[in-house]
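Chain naming follows the written order as A, B, C and D, and within any one chain the residues start at number 1.
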C-alpha cells in the first residue's frame, strides 16, 4: 500500500537525524551507537522486542533523556542538551505508552493545554480575561474543536479524562499532541491495549494526520501488521543497538530481525 | 433555584437564631472573664480563671453580689489565641460588660483601641501594654499594680541588695532569658538602660514558642557565659523547663529570678527539690489562710460550685486571679458610690477604677489583710507602680523571701512617657482624652 | 426541575466560556451578591459582621490563595501563615512611610511584597515535591515568623513588638482603626474578595490555569508539551502568596486592628490548609465553603448549648468542640474526600434531573 | 572580613578553647537527636505501612504520657499504696489504651479512607489530632503534670565527669532515654525481621496490592503498626515529660520530627535514626556556636534549613529510595 511512497520518502529532506547515540543509566546500557534519520512527511516506525530501547530513543529525541554520546539534529540544528520544552517549542509532540494525560482536567482542557505554546497573551490580560485574552481563547478553541471533531470525541469534551475508558484516553492524548500543530509527532505504542476496531480507528487517524496535515510521524508499535501497513520505513532496535533499517518488506525478511523476535541467542 | 433560595433563607435563619443574644437583665452587673483552660498555656490559665471566678461567685453567695446587685459571670474560652479572644469580646460586648479582662497581651493590644469606642474599660492586671499606665492617653485601660518595667527594676534592686549595693553590679554579667515575643522583649530597653547606668553586662537568651520545652542550647550558653544572675520572663511550659534546665547546669537557684508570671506552683514543682532557692516576684499572698479565701472555701468550693480542686485553692496563680477579681469588685463598688446607681455601666466602672484606692486597712476589711500592698490608681496614673515582693521555692512551696520592693520610678517613668507618646503619635487620630476626672471617693 | 440547563443553547464559544454558563447560576450569583452587599450590612449585628463574616471572607481569600498553589498547581505549602504575615507587615510599613496614601491601595500593593517573598521560598519546589516540599515550606514559615519578631524595623520598634493599626480614612471615611465601623470594613473586604475571586476564576480557566493543572497532574508530560516547569511553579507561588499577602494585610488592618507575630504562626497555615481540603482542592467555591465550615462551625457549636439553654463550662465546651470538629473533619473526608464543593456539585446534578433519579 | 571571621573561624576557636563545652553540646545534641528520632520513627512506621503522613504522632505522644500520668494518679487515689506498683499498672493499662486507640483508628479512619490520595489521609490525621486534643483535655484536664519518673524507676540526677579541663554533666534520665531508645529500635527491627507480622508489614510497605494478593490482612498490619507507633509515642512521652512536664505544649515537638523525617527519607527507619542524630547535633551546634551571631533562638528554623539544604542535594532524603522518573 505504501511502498511507492517509500522511495519517495527516502528522497525527501531529513527532518531529524540521530547520529551514533549512546545512553546508559548507571551501568545499564539502554542505547549503543544508534543512528537513523526521519525524513519530512514520512511515517517512520521504531520496532523491537521488549527492552530494546525504543521508548528510551523517543525520550532522547524529545529531550527528556540526555545521551552520553552522539548527536541529534532537528530541522538541521544540532543541540547537545535539549530541554523537553525546547523540543516542544521546536515542534516535537508526543504521546506516551502509558497514557500521560492530565487526569484532573476535562478532555477539552487537555487538548487546550496542547495549545499553550501557541498562546501568548500576557499575564495581565489573563487576569481580566477580557479583550485580547478572551479573543485568543476563542480562536484557539476553534482550532481545538476542529481536532475534537476530527477525532470524534465531541461527546466527551467536558468529561474529566481520568474517568474515560482507555481507548478514548488514547484518542484525547493524540488530540493534545495534534493541538501543538507539530512538525514531528512521536507516538509511543498508540494502539497498545486496544481491540481490533479501535486499532483500525487509530490507524485511520494516524494516516489522516500524515496525509492531511503533512505531519511527520515516528511511532513505536508492537502489532506488526499495523506497523507494516502504516509505515514508510522501519528501524529495528534490539538490546539498544540498531539491527535493521529499511522499508517494511526488507525489514520483514531480515534475518537479524527474525532471530531477535524469535529470541535466537546472539 | 427556588429550592436554593429557600435553603439560603433557612441557613440564614439558622445563623441568625444561633447568634441571637438574650437581652441582659439590667438588675445585674455583667462581668465576663476571658480565660484559657485549653491550649499550651492552660497550665497557667486554669488557676487564674478559677481564682477570678471563685471570688466573684463568693461575693454572690455571701453578699448577694456587689452593693446588693448580683454579678452575672460568664467565662469565654480564648485558648490564649488572639482571634478567639476578639471573637469572645465581640460576642460579650452585646451583653454590656462593665469591664473586660483579656488575659493575654495579644488580645489586650487588639482591644485597646476599641475600649474608648465601645465604652468598656479594660483591666490588664500587670500585663498588656506598659504604656497604657498613662491615663491621659489611655483613659479606658488600667494595668495596676505594676508594669513589667517596674518589675524589672525591682528585680535589679533586689539583686543589688544581695550583692551589697547596686554599684557592686559593675562589671558583672546578668543573663536575661525570655519568651520570644512582645511580652519577653518589652523589658529589654530598660535592661539596656540600667546596664549602662550601673555598668553591668547583659546577655540575652530568647526562647521561641516552639522551643519552650527544649531549652538545652540556651542553658549551655548560660553555662558558657557564666552570668552572675539570671532573670526570666517566661510563661506557660517555658517556666518549668527553664527551672529544670537551670538545675541541670548547676546554676545557683538563688540567683535565678523570675517575673511574677514565672512563679506558679506548677512552674517549680516538676523540678521539685532541685528548684529549691528559685526566686520570683509576686504581688499577692500565697496560701489559703486569708479569711476571704476561707469564705471562698466555705461558700463556693465546699458547695461544689467551683471547678477548683480543694488543694489548689490558695496557690499563687489562683490567688492572682482572686486579686484580679478584688480589683474589679472594688472598682464596681467605687462606681456605685460615685454615681449612686446600683446597676453600673462600663462608663461608671471606668470612673470607679480611676478613683480606686485599696489601703492596707481596706485589704483587711475585705478579708485579705497583708495579701497585697496598698494600691492606688489615679486619673493620670492607671498603674500606680506599686511594690512587689520576692518569693522563694523551698522545695515544696513558695515562701516570702523579701520585704516589699518599690520600683525605680525615676528609671521607669521616662521610658513609659516616651512609649505612651509614641503609641499615640503612631496611631494617628488617637482620640484626646475627653473623660473628666473624679475626685477620690 | 428548577435547575435545568436544557434548552439553554450556546451559540458561540464565548458563551460557552463565560464565567457562569448556566442561567440559574448567573441569577444565583446576583442574588448572593445582592444579599452580601445590601441585605447583610442592613440587618446583621456587629458581632456577626465582625467575628463571623469579615474573618470568613478574609480566610476565604487566603484559602483561594493556597488553593491556587495546592489545588491547581499541586505544590503543597505550609507557609501560608507566614506569607499572610509578610503582607500584613508590608502594609504596616507602607502606611508608615506613606501615611496619606489610600490604605485600600496599600493593602493591594502589599500583596506584591508577599508575592516576592513567596517566589523566593518557592524555589525549593523546582527540586522537591510532595511532603518533602511541605517540610521545605515549613522552613519559610518558621524563618519568617522568627523575622517578624527579630527585625524591630518591621514593627517600627514598638515596645509591644506588635503592629498597632493607625486610623486611616479614605474619602474622609475611616477605614481602619477603632473608628471604622464594622459595616465599612465589611464592605471593603467584601469588594476586594469579590474582585480577587473573579480574577482567580479568570486565571484558572485560561492558559495559566491549564498550565498549573498540567503541572499538578503530570509534570513530565507538561514539560513535554512545552510548559516550563520552573516558571510555572514560581508563578503559582507568586500569585498564591499575593492572595495570602492581601488576606494577611486585610486581617490586621480591617479585622484585628493589632497583631502580634503570633497571629501568623504555623496554626494559621494549618487552618487555611484545612479549609481547602474540606472545601475541595482545585475549587474556588470550595475555598469559600471550607472557610465557612472551619471558621463557622466552632462558633455555631459554641452557641448550640446556649440556644438550648444547657449550661456547660466554657472549657468543657471548648473540649467538646475540638472533638466534634475533629470528628466532623474525618466524617466529611470519608463521605466526600473531594471536598464539600463536590457535594455541592452532586446536589446540583440531582436538582438538574429532579424528580427523576437519573 | 569580620563577619567571615566570626562565621568561619571564631566558632571553631571556641570549640578548641573549651573542649568540655563542645563535648557537652554534642551530648545535648545527641540526646535531643535520640528523642527526635523516636518521634520520627513513629511517623516512618506508619508511613511505610499505610502511606499515611501521620500528623497526629505529636498528640499521640501527649495523649500517651497524659494517660500514664492520669491513670497513675487515679490508681493512687483508689488506694494502690505503692507508687511503683501503681506506675507499672498504669503503664500496662496505657499500653492497652494505645492498642485500643490503634484499633479504633484503623476502624474509623483507615478502613473507610483506604486508597484515598495521600493529602486526604494527611488531613484525616488532623481531624484525629483535634479529636485527641479535645478528648485528652476533657478527661485529664489541661494542667501540666509532672512525669512519674521516680515511680517508674527511672534514674534522676546527673553524673559529672571531669575531663578536658572542665566537666561534662550527663543526666541519668538522658542516658536512660538513649538506652531505652536503642533497645526499642533494636527490638522493632527484630520484630519486623523475624516475625510473621513483621514480614507482612514489609510486604505491605512494598505494595499494598501484592500483599493483598498473597493473603496478608492489611487491617491487621495497620493495627499492629499504629500500635507500635503508639508504644513509640508512649516512650517518647515519658522521656520528654521527664525533661520538662507533661502538657499539651509537648505537642509542638512533632514539628521537630518533620525535618528529621525528610532528611532521613520518609520510608527509612535507619534514616529516621541517623536523621534525628544529625538534626539534633547540628541544631545544638548551630544554636550554641553560630546562634549568637544572629541574636540566638535560631533553633526554631535551623533544623529546617539543614533539612532543606540536604533535600536540594538529595530530593529523596538520605536513605529514601532514588526516585527515577519514568514515562
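In the analysis below, a contact is a pair of C-beta atoms (placed from the backbone, for glycine too) under 8 Å apart; a residue touches a chain by one contact, two chains touch by 3 or more.
On a predicted model such as this, the values are computed, not experimentally measured, just so you know.
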Report summary line: Chain centres computed over CA atoms; the one at greatest distance from chain C is chain A
Query raised in the report: When you take the mean of every protein CA atom shown, which chain's own CA mean is nearest to it?
Result: C
**Report entry** Inter-chain centre distance, chain B versus chain C - centres from mean C-alpha coordinates, in Å
**Finding:** 35
**Report entry** Where chain A and chain C are represented by their mean Cα positions, the distance between them in whole Å
**Finding:** 42
Requested in this report: Would you mind pulling out the distance in Å between where the CA atoms of chain A average out and where those of chain D do?
Outcome: 50
Query raised in the report: Which positions in chain A touch two or more other chains at once?
Result: 64, 96, 100
**Report entry** Multi-chain contact sites of chain C, meaning residues that touch two or more partners
**Finding:** 142, 146, 220-221, 224, 315, 318-319, 322
Report summary line: For chain D, residue numbers touching 2 or more other chains are 133, 137, 142, 255, 295, 297, 300, 327
Report summary line: Listed in rising order, the residues of chain B that touch chain C in the complex are 1-5, 8, 15, 17-19, 21, 35, 37-38, 46, 74-77, 79, 82-83, 86-87, 90-91, 93-94, 105-106, 109-110, 112-114, 116-117, 129-131, 180-183, 185-186, 189, 208-210, 307, 419, 422-423, 426-430
Query - Partner chain B, residues of chain D touching it in the complex - result: 18, 21, 24-25, 28, 31-32, 133, 137, 141-144, 146-147, 158, 169, 171, 240, 243-245, 247-253, 255-256, 283-284, 287-288, 291-292, 295-297, 299-300
Requested in this report: Show which residues of chain C lie in contact with chain B when the two form their complex.
Outcome: 2-3, 24, 27-28, 31-32, 35, 45-48, 50-52, 55, 96, 99, 142, 146, 149, 156, 158-162, 164-169, 174, 177-179, 256-263, 265, 299-300, 303-304, 307, 313-315, 317-319, 322, 351
Requested in this report: Quick one: which bits of chain C touch chain D in the complex? Just the residue numbers, please.
Outcome: 76, 124, 127-132, 135-136, 138-139, 142-143, 145-146, 150, 220-221, 224, 266, 270, 273-274, 277-278, 281, 315-316, 318-330, 333-334, 337
Query raised in the report: Can you name the residues of chain D that touch chain C in the complex?
Result: 53, 108-109, 112-113, 116-120, 122-124, 126-135, 137-138, 142, 255, 258-259, 261-262, 266, 294-295, 297-298, 300-301, 304-305, 307-308, 311-312, 315-317, 325, 327
